[in-house]
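Two complexes come next, and they have one chain in common, subunit A, joined by subunit B in the first and subunit C in the second.
Entry: the complex of A and B
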């Protein structure tokens, strides 16, 4: 997830939907791009939780499966 | 919102009533009514019902967000209310997914408490005992405080205790069914055997059923649908709170023996004639 990316765009899957993102975008920037409040989500990349402290260091990579979770009502 | 103050007052009131505290892991609760946050028609109604219930432990779920929809901010008002949050792993179909859900909840909420629930069958939502035990073992090893939702299976409950679960959450009847304590016979055995708190979860549909569970010696009950689907959730939440207090006090006072024949409560010497 952290290696440099030389393409100008990359294809990823976000919450089950295929999307194209600009290259060298980190997880913090992804949330800004998607207009999502960072305090309300947890991010899972390729089945592993990425701690918030790492979001600005982790670059999205082609074919990453990114999931954004929030707390919802439940019993 | 003055929910926190309301809860403090309620806690003192309960202590004044003589209701004993419940300890789960390192946390104490003066209310033995736990509540879920699902199925309410509006968030304000949910918050009012939670306040009315006096509940100090409320459940919520983790879900992938829909990027095209606005989201209700559930977390902020709940965190402000002062209740302890119990994230569940609903939606997990196996142990691996449940462990990931717990890790997501820890990242999102900062709590290692988790209501472990794995129910791959969408019709009856029966918990998978094998996957639940596997996930419980992994999560306990990772330092989570695990409260597993399970069928009322005394053998499984013992196994879950053995791997370090902090409490047990056997079902009364299928989730959201309001059928009450269909598993009563087995709940008795679990309560008798358990060395950790037993929280009867799922299916409790009325305050009388909650009261019955508490009279049996359950340490707490978790109620969601019966409150949320009431025509007056706030009022119903208060009814459940009273029922749980009554049931717990009755258990502590000690219920009278059940007999198969009559035993007179009045003298049977003859009123007008000879004694019988």
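Entry: the complex of A and C
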């Protein structure tokens, strides 16, 4: 997921919807862009959870499948 | 117990017929102890499935009483139970389903207070089922399970979003609940505020019970997979859980184990 990215934009899938993002955007910046509180979700990229401490280090890549799992606690 | 009676063969034949469970798997169930924290929509169904499967003993923890709004989704309770402690009603009902089961109940909320006492109550469990309705208790249950290398089956649902996973902390490389959701996580949804449909709760609870039985019978193969269920779109998603190197719970346990190893070697 962390490789040099020379394109201006990249196409990704977010929660099942195709979207275009600016290149070199990390997961923390993605949440800001989408106006999502970072303390409310887990982020899954290509079927693996990305730990919160890595969000500012992991750059989105073309064709990434990104899911935002909202925390639920009801029982 | 190391053999089944003729009656038990008949009673549990549907379990035993599964080639990977067989008699050995049923005996494993019948020698197991499980802990269920929370006896709401999730816990009451997990308890019924595990009792019916034949577990030897079960510890139930919940400080709530049966309320009218519980009845549409908490099928263990009926109108005449209103106002009674859920653990007491559950104990009575489960004993009917399995007369051999040993039931221990605690009508208290699991909190930071006396955490070591709670840990001792959980430590002998083959599986700890987190069926609670709040993030604070979920974090505490996780902390105990990580520290004592227990197996945690965690389920949660609010509105149309359900989540469930199973981690065996004795062989864990995939992090924990705290790695997934830090202590300061904001909840987007809450049952009391968002509502929930009984059958949707049942889906998550059934999966918890299934994971638990499969763990006990050594047939579970999806440790550390987080499953998300959308009960409106009927879509399942799964994701591999990953340890957060900054997780306080995992780090504290690793440091503790390192100290123990050092003491053993010196």
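One rule holds in what follows: the second predicted complex is superposed on the first by the 71 of 75 C-alpha atoms of A that agree within 3 Å, B and C clash if a C-alpha of one lies under 4 Å from a C-alpha of the other, contacts with A are read in each partner's own complex, and residues count from 1 in each chain.
Everything below uses one rule, namely that a residue touches a chain if its C-beta (ideal position, glycine included) is under 8 Å from a C-beta of that chain, and two chains touch if they have at least 3 such contacts.
For clarity, every value in this text was computed on a predicted model and none was experimentally measured.
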Superposition on subunit A - do subunit B and subunit C clash or fit: clash
Touching partner for A:53 - first (subunit B), second (subunit C), both, neither: second
Touching partner for A:42 - first (subunit B), second (subunit C), both, neither: both
A:14 touches, of subunit B and subunit C: first, second, both or neither? first
Which of subunit B and subunit C A:31 touches, first, second, both or neither: neither
Subunit B versus subunit C as contact partner of A:68, first or second or both or neither: first
Residues of subunit A contacting subunit B in one complex and subunit C in the other: 40-42, 44, 47, 49, 51-52, 67, 69-75
Touch list for subunit A against partner subunit C, complex: 37, 39-42, 44, 47-54, 67, 69-75
In the complex with subunit B, residue positions of subunit A that touch it: 14-17, 34, 36, 40-42, 44, 47, 49, 51-52, 67-75
Contact footprint of subunit A on subunit C as seen in their complex: 38, 40-43, 131-135, 138, 155-159, 161-163, 175, 179-182, 184-192, 194, 196, 201, 226, 228, 237-247
Footprint of subunit A on subunit B - complex, ascending: 36-40, 43, 46, 59-67, 71, 73-75, 87-88, 90, 100, 103-109, 175-176, 222, 224-225
